[in-house]
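What follows is chain A paired twice: with chain B in the first complex and chain C in the second.
Moving on, here comes the complex of A and B:
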């Protein structure tokens, strides 16, 4: 052991053993964040808060929830919602939190796309974020099954059925996922395990990875400006706080985040207490019944856009069945965002409104996703089916065009 | 201010999406039902005929009490519920409160012809071979039928819901709601979360009506008050071909039933609504303190 002298203070005692002063510097007081940011930079901290809220309310729900097809529905709707003190509050917080977390994830994700925070060294931040998106999707889907209502059952039925379209192994894969030939008790218990253990563990790991990935390329700023963080940090530490382009994570950056978080939480609790039906579908208060198909089956709102891409191809093209085309499009839609940094061929890191072509692309994509989301819920009949088809095609074409228009943009900018 | 413009953009996009997937989608998937018609205007209006309760009493004793009990008037049940269900297909109602929970004109028309009044001609047709457990009294005159109705109303007026002497007004109301629910719905429907099991065994009912009656514990949440008001008033309108009869409840009785469904199915509503604004206020205090702290900290760096 290294040379050791008696500690003069409690802090020093811990410092000798755990290096807490250095840890505090690295993680908090000397972790540098650009100063030129707006409230969209607070979404990460809001997501951390929402994840904590989901974790804690989930732990409380876990004390009374029973993963069994005969008991699950009543354990949620009677035991938790009516008998256990404040059980209803935990359930409302959990259900609304699970829905709102996706709203914030989407805002966070499209903030990244708008400001170009996924390229020139920030690729791993983007990829780890998309990994989190996939894990949260799996968490949301598995959790939605647990109350064992009609929509839990039928959404699970429809979504697991999708895997049947995978060539060669599809049918066996569906049985493997469900643990039975149909959605049953075995399906419920395994999705319960995934929801409360395996996926949350993976999410914790992915969050750590996402944060770590931020440390080297650093957080982007409102102008997409690249500067020397060490130099700016030195300025800050020397007392030129106004002149420096950076602020420390604690307390400066977080003080702003807490303010944004405070206002966000007023909105969140308004939803929890007074406006929760968007997250707790009425149909799901009917107990699951495998013999009674609901008139309308739709996933939760955050899956609607990709669900609509799946449904959009309702007729055969060139000998390929509409179902297969939908599956291919669905697979593309779910994978394409992962490779976003390589589809954008322009070296420009600027907010979208300062990029000559990308700005149109960005707003078209947003508009298309909103159309897909809305029509993903409506019955796919008559003109709705065609809106679905054209908006799905628009989605695919937009992504096919992305490398082309960003290449053109690169040329134009380079030529200036 | 730039941040406000960003916020406004996001709020606008979220609202458009929300409108599309919630109010608009619901409007498309669940067309607005016709409002409840508590006068049952499709039936023949016989209300102008004044009934005589005394002659009604004689008619009831001669025609009704062979199958129906009227416990408040001293006519007891003929047999246990399960046996009654096996004999008739469904347990015949006790008529103690019939004069109160059923609308006058509906009740008269029901006695005259139960199948037509309850909109169940698709269930009790020549092809189905099934007959309504209650025969049509279409051989009676309007006067006789209105006499029966007058007697039933007289009986119903004397019925009091039994509650503890120490019951609060709230408990008394709840007992009233429960009593109406049991009389109006409880022969076929269970309410597990209130410990109520339907008087007619589920299998017997299924054999007779072609479908089991659902448990209503969570129907206030799965169907909503708005839908229930129209549905109970005329089930066929919203669920064509359903086995559920139009029961002809008065507006007050239907209000009792739906209130009871809410008391059982959404028992924490009052807690939720009284706690919500306090939590929001707490977060507002947090947000304002955080805002003040942020200003204090950022004045050095701007």
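Moving on, here comes the complex of A and C:
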């Protein structure tokens, strides 16, 4: 054992054993963030807060929730909602939190796309972020099953049925995932396990990975400017704070984040107390019934765009059935964002409004996603089906065009 | 008698290649262990034997009334059983003869989006999106892309076993 001299203070005592001063420097006071950023750079901290809120409210719900087809519905709608003191609050916080976390994830993600924060060394930040999106999607889906209402049941039915479209092993795979021929007790208990243990563990790991991936290429800034962080940090430490392009994570960056977080939390609790119903579908207050399909099945709002891509192809093209085309398009829609850094062939790291072609592409994509989201909720009949088809096609075409227009952009910028 | 054990240093092996061998041996053991645990984990997720054996539903159809829809549950799905009266014309490849009567045996889920159609004495009508099927399950109107599916079945006298592929079922699917 190394020799220890008697500590002069409590801090020194911990410092000898845990190196807390160094840890504090590395993680907080000498972790450098660019100065030229705006409120959109606070979304990461908001997401951390939302995850904490979901985790804590989830722990309280877990004390009363019963993962059994005969008990689940009443354990939520009677025990938690009516008997447990403030149980309704925990449930509303959890439901609204799950919905709002996707809103902030989308803002975070499209901020990254707008400012080009996914390329030139930042690829792993983007990939770890997309991994988190996939994990949160799985977490949202598995959690939606737990109250065992009609929408829980039929969303589980429709989504697990999707795996039946995989060639050769599809039918067996569906039965394997469900643990039965239909969505049943076995399905509920295994998705309960995924929701409360495996996926949250994976999310914790992925968050650590996401933060770690930030340390080398550093946080992007409003202009997409590249500079030497060590040099700027030295300026800051030398007292030249005004001239330096960076600020420390703590206290400077976080204190500003906390202000944005403060406004966000007011909005969040306004939703929890006065507008929670958007996160609680009325149909889900009927107990699950495998022999009674609701007239109209739809997912939560954050999955609507990809659900609409799945439904968009309602007729056969070139001998491939509409169902298979929908599945292929759905697979592409869910996988394409992962390879985004390689689809953008332009070396330009600039906000979209300063990129000659990308700016149109970006806003077209946003508009298309909004159309997909709106029509994903409407019944797929008549003209709605055609809007679904054309907006799904637009989505696919936009991504097919992305390498082309960014290549053109690279040429144009290079020629200037 | 002394038995001379094999001294590994006598084999011409450098330290590096010995370490390499141990590394490969460890890799092999770990690999076998990983595959074995994956198999075990896959099996843990498999449907239980009780679930698999509950995958068969047996119905005695002799007591059913003519032209009155009977719904039984098989693997969590509603199964339509419709006994044809003498006035109703059976279709080859869609209706099944059990004893002296023809029957429609179909999965009662609309092939459009899985709602359960209702029988009005002549046709099946789906309330969700207006699909219509004849009494033998052929789609005649609306969005359904194909006739109602026929579950695997076996005929055993006057009982119908759902979930098992019998002679008649194989003949029927061969035709279709």
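In this text, the second predicted complex is superposed on the first by the 413 of 416 C-alpha atoms of A that agree within 3 Å, B and C clash if a C-alpha of one lies under 4 Å from a C-alpha of the other, contacts with A are read in each partner's own complex, and residues count from 1 in each chain.
Here, contacts are C-beta pairs under 8 Å (C-beta built on N, C-alpha and C of every residue); 3 or more make two chains touch, one makes a residue touch a chain.
All of these numbers come straight from a predicted model, not from anything done at the bench.
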Partners on chain A (chain B, chain C) - clash or fit: fit
Broader residue contact with chain A after superposition on the shared chain, chain B or chain C: B
First, second, both or neither for A:278, with chain B first and chain C second: first
Partner chain(s) touched by A:35 [first = chain B, second = chain C, both, neither]: first
First, second, both or neither for A:77, with chain B first and chain C second: first
First, second, both or neither for A:295, with chain B first and chain C second: both
From chain A, separation angle of chain B and chain C (C-alpha centres, steps of 10 degrees): 70
Which superposed partner A:216 touches (first chain B, second chain C, both, neither): neither
Which of chain B and chain C A:363 touches, first, second, both or neither: neither
Chain B versus chain C - smallest C-alpha distance in the overlay, whole Å: 10
Set intersection of chain A contacts, chain C complex versus chain B complex: 295-296, 379
Touch list for chain B against partner chain A, complex: 2-3, 6-7, 10, 13-14, 16-18, 20-22, 24-25, 28-29, 192-193, 214, 217-219, 221-224, 267-268, 271-273, 275-277, 279-280, 283-284, 286-291, 293-294, 297-298, 300-302
Chain A - residues contacting chain B, complex: 35, 38-40, 74, 77-78, 81-82, 88-89, 92, 103, 107, 241-242, 244, 247, 251-252, 255-256, 258-259, 261-263, 265-266, 269-270, 272-274, 277-278, 282-286, 295-296, 301, 304, 366, 370, 373-374, 377-379
Residues of chain A defined as touching chain C within the complex: 157, 175-184, 186, 190, 290-293, 295-297, 322, 379, 381
List of chain C residues in touch with chain A within their complex: 42, 45-48, 51, 55, 73, 75-78, 109, 113-116, 127-129, 143, 145
